[in-house]
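By written order: A, B, C and D. Residues from 1 in each chain.
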Amino acid sequence: MVIIMRPEATLENIVEVTRVIESAGLQAKIMEGAQQKIVGVIGDKTKLVSVAIDALPGVESSVAISKSYKLASREFHPQSTIIEVGGVKIGGNEPAIMAGPCAVESREQLFAAAEIVKEGGAQFLRGGAYKPRTSPYSFQGLEVEGLKILAEARERTGLKIITEVTTVEGIAPVAEYSDILQIGARNMQNFGLLKEVGKCGKPVMLKRGLAATIDEWLNAAEYIMNDNPDVILCERGIRTYETYTRNTLDLSAVAAVKHLSHLPIIVDPSHGTGKWRMIKPMAFAAIAAGADGLMMEIHPNPAKALSDGSQSLTREHYLDLMNGVKKLSKFMQEENLNPIVID
Amino acid sequence: MVIIMRPEATLENIVEVTRVIESAGLQAKIMEGAQQKIVGVIGDKTKLVSVAIDALPGVESSVAISKSYKLASREFHPQSTIIEVGGVKIGGNEPAIMAGPCAVESREQLFAAAEIVKEGGAQFLRGGAYKPRTSPYSFQGLEVEGLKILAEARERTGLKIITEVTTVEGIAPVAEYSDILQIGARNMQNFGLLKEVGKCGKPVMLKRGLAATIDEWLNAAEYIMNDNPDVILCERGIRTYETYTRNTLDLSAVAAVKHLSHLPIIVDPSHGTGKWRMIKPMAFAAIAAGADGLMMEIHPNPAKALSDGSQSLTREHYLDLMNGVKKLSKFMQEENLNPIVID
Amino acid sequence: MVIIMRPEATLENIVEVTRVIESAGLQAKIMEGAQQKIVGVIGDKTKLVSVAIDALPGVESSVAISKSYKLASREFHPQSTIIEVGGVKIGGNEPAIMAGPCAVESREQLFAAAEIVKEGGAQFLRGGAYKPRTSPYSFQGLEVEGLKILAEARERTGLKIITEVTTVEGIAPVAEYSDILQIGARNMQNFGLLKEVGKCGKPVMLKRGLAATIDEWLNAAEYIMNDNPDVILCERGIRTYETYTRNTLDLSAVAAVKHLSHLPIIVDPSHGTGKWRMIKPMAFAAIAAGADGLMMEIHPNPAKALSDGSQSLTREHYLDLMNGVKKLSKFMQEENLNPIVID
Amino acid sequence: MVIIMRPEATLENIVEVTRVIESAGLQAKIMEGAQQKIVGVIGDKTKLVSVAIDALPGVESSVAISKSYKLASREFHPQSTIIEVGGVKIGGNEPAIMAGPCAVESREQLFAAAEIVKEGGAQFLRGGAYKPRTSPYSFQGLEVEGLKILAEARERTGLKIITEVTTVEGIAPVAEYSDILQIGARNMQNFGLLKEVGKCGKPVMLKRGLAATIDEWLNAAEYIMNDNPDVILCERGIRTYETYTRNTLDLSAVAAVKHLSHLPIIVDPSHGTGKWRMIKPMAFAAIAAGADGLMMEIHPNPAKALSDGSQSLTREHYLDLMNGVKKLSKFMQEENLNPIVID
């Protein structure tokens, strides 16, 4: 932390600041220039949280300069993490593809979707059984019934299952039927849920919050990692002023996460754009940027989808996209085109 | 909903769109102009959620034009709601003031704070027993111990208590000790929590999410109102690109909520700005804009606060602020200076 | 500036960083802790701009901690500035009110508007002769003809004139007919225009850019102040994700500007909200927050306005608003309710 | 345009709305449902700008549904535009690469940079002679001297030149020495400059404004296209709440522009991210998303750059990036991996 003093700060003010820092077991270094006086704070950053320096007389502002997460940080874990789910590696050489409908609507719909997902070559079937919806009058999901349908689809196709958990009570049933538990964007800072989901014993995919900074996202991962190292991050678009797209897909988050953390990162161009026409270009872009995989919405009949139909791919579009993604990924590896600069 | 067709849309495309609309029990009206064809949809808006029009051939985009909340809407409840909490009215003529430390840190700290809160004339004591914190290494609150200290402070001062609940399991204890349950910004779309908190039998204050639109906020209130009409809204700043302030306090939300909804609205200038120097001007502004009250952070010794010290008021600043707020509010009523234009 | 080194930075890296800093005539101080090494930079901040520290080996990032503006800064000019325009003080005790139509449309329209403006007690008539419009097909203003109509209205009513200048060529004619030259939000960083407008010899009102930080805004003022100390700032809403309002009016900017700068600040609730219903509550709020005045759109017949009709006040609404603003302002002075905390 | 009436709107209100619409030469269609009444407006959209419907009694709000630009629109020009600059095609099969330092600092610096640019295979040399800088105390460019150095570098290397013009007076000299004139992000809505630059007779590259919507950006292009069809768009990142990156590079803008417009689009990952480590992944991503080219900052010695050093590539990093970009682009064409879905 660096503390910027007000120009008129007195010597007494500065002494008081250093006293508060030192009484927290930290070290203060004073730097005095012609136009500014600043105080640097050195030491174990976890001690800093209880010091409210900005409220001291003579202090203009303070700037935090160290990260508050450790387990998620590449500094403390230089090697990239690979998470294995029933034989499929996430964070390895091949992209992990998760596809399926926004919501599980019926056995027929999910099985039809699963056939398409399988045909295209994805390894994971997605589909919401518990749907967090803005309006209480929107379709909220089939709940446990939906989980059972997902498990049945796994039996039929061999696809692994990823589905969202929205409440602490939902963790046990979701963990029973699913291979990966997903924490949605709206729950990224539902800390009670994060703490509990870490104990479920299965990998967790943590979507970035609608307005979460990368720093907050990695701190949220830290909550889960306290009990469970197998966390996958998922960039799904952030909220900006632009209204043409549903969200603004922040692909630079891929490079940022690879630099700051060792965790694998997946990109969701369906929620990230909200428009089916944009899924292919953004899926290609995500792979080229170094993402470890993709999550996408497909639907056997998008116009009849109970939710998010406008951002779902048809079978034809999905197969075309997967053909491109596989070629692109293979080419980049063969040619050793590594987009990521870690150090 | 209004559906904008692509310029090259065929007659067949338009017929298909109307077919889908009508098969959902809704009515379609076609409008054809020189440069555009649009289809209007009329009927019960709750039926619209299962129609994914944008995915149909020939459709460029669609625009929702009706609100998806009812219970929170002024259309369905023209009279402004007044919520009474132990004899104090929220939404009435006098502003409801909620003040206290960010977190309950100890009996001594809370009792000292409560004395100051009382002295200034606020009716509610705030203080977090469960703290949702970005980093797992930050102080997380005293939990039930903190609730008991709050209840003790009520005994000593007669102040009503408002404190945050962050998990479903926390609802029962918080409802036992607190007069109002607060849902924090990070949990505004924690729908599982919203559904359960509505059943607690006590008023609920719902803070606006960091990146929530006013529409989403009122929809979140709708989740609670299904079981509980006593919802108070709280504007606490939204996330923008500006970094000088912690958040951008959106005071226009007061006027928007008064126009769209019958619910009372409180403003939190402490979180809304993140700087103690800005609390007084924004508190005055909130009152002048027609807010039903204020929530503020004060601390007997801000520089030693375990959290949010830099946005906490000292006793001296708080008493000065309260003096102004009371005068301003009284003057506006005596002079009949009503800022709100409902119709 | 504070430079944060990467954890694996070598001693050689740190030596190179200090070498670059010192060769720019600045001083480097190294702070080394258990988990981080940082280098502080001290000296004349204008020298810092040519040093690209982040590109040196071993550097993680750097944080600027000093302001880059001087003339606009309260540090260098502690006394609040009062600007006098033909006997009217901006920044003094009484709020300066600027009202009128978005655009000058005709003599009849402007004269009708001016009568209303005068009747309500504003001191300034606003009205655009040059309109910067998103679409080239929208009404672009009457240009010099409009300026002459404004000057005529001044003759008839005694109101001072404020109008926008959008190009360097427009400065001379606007300065001839107008009492204050306005730089609009879209031109806040049109540095060529800023440099020239400073030389016009009349006060300049600088609107905040749609996505400008307060720091960038004060830097933009600095461009003008090089030649002209009489700069008035105007907060007019910033662009956020919220779509209910046209912009999000950032009233905390009033307190921020008062703290950081000595310049007067005006608030424009018409552009700031885009909805006529919100102008009164936000005008009251601006006055209560300590703004030095208001800029508002009124129109003798809003529904026929050639631009921005939906955010224009009718005569009746304007007179009601002005009645409240005057009472509120007078009361706050009589009671010495000063919202601003400068130090 | 669609007009949403208030629930309590009277028949008289609706009749008045239709009267206003029809008196503007437009057609009104009324749609009445159980819970809402809406009025659709049909006709030439350029007539709509002078109707301020929202201010009429009984109107809740209105929604624009048609685009206000024509020349830039794919609807009116279905074929993608290819712009030829001295034999190099922008918008064709091969990506157009523009590289060079942020600012022209000296002959030595620019010539050294130009050699590297040439070596990597870019066709255009970039370098600012006029620099729009937030602070008046930052380096503002060598102006005409810089233009001459750029022209000299063209002589030596055969590279085409692109450089920014910031004022109307600067258009003539920039057009004399440069092959493409660039309008920077801060001037995207400097409409006076846009109108004049269209008359310069050379292609213009229009960067997206820091907070511009795609709609506003295409409208800005429309200003130039009135005189000049050769407009190239450049996505360079938008301003969001995220502070880790300098801006958030919005790659979905590539797909959006390809859908809405026929103009070529270039991506600038240097300004878009502000971090040299992120340029390679985002350059790869841009090509994979279907961008027509890239603009990048390189510097022979980034740590000594007078501006933007931290986002500049060294020779080594640039050559590595270009190797990848060329391979990727060639592969996508050979395999016919077209990311863009126009219809």
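We adopt the following convention: contacts are C-beta pairs under 8 Å (C-beta built on N, C-alpha and C of every residue); 3 or more make two chains touch, one makes a residue touch a chain.
Note that the coordinates shown come from a computational prediction; the quantities given were computed from them, not determined experimentally.
Listed by label, the chains that touch chain A and also chain C are B, D. The greatest centre-to-centre gap from chain C, using C-alpha centroids, is found for A.
Each chain gets a centre from the mean of its Cα atoms; for chain A and chain D, those two points are 29 Å apart.
Shared interface positions of chain C, defined as residues touching 2 or more other chains, are 211, 215, 239-241, 243.
Against chain C, in their complex, chain D makes its touches with residues 20, 46, 49-56, 62, 68-69, 132-139, 166-170, 186-187, 189-193, 210-211, 215-216, 219, 222-223, 226, 239, 275-276, 302-310, 312.
The touching residues of chain B, when paired with chain C in their complex, are 211, 213-215, 238, 240-245, 248-252, 254-256, 259, 272-273, 277-278, 280-282, 284-290, 317, 324, 327-328, 331-332, 335, 337, 339-341.
On chain C, the positions that touch chain A within their shared complex are 2, 4, 6-8, 27, 29, 31-36, 38, 40, 42-45, 63, 65-66, 75, 211, 239-241, 243, 343.
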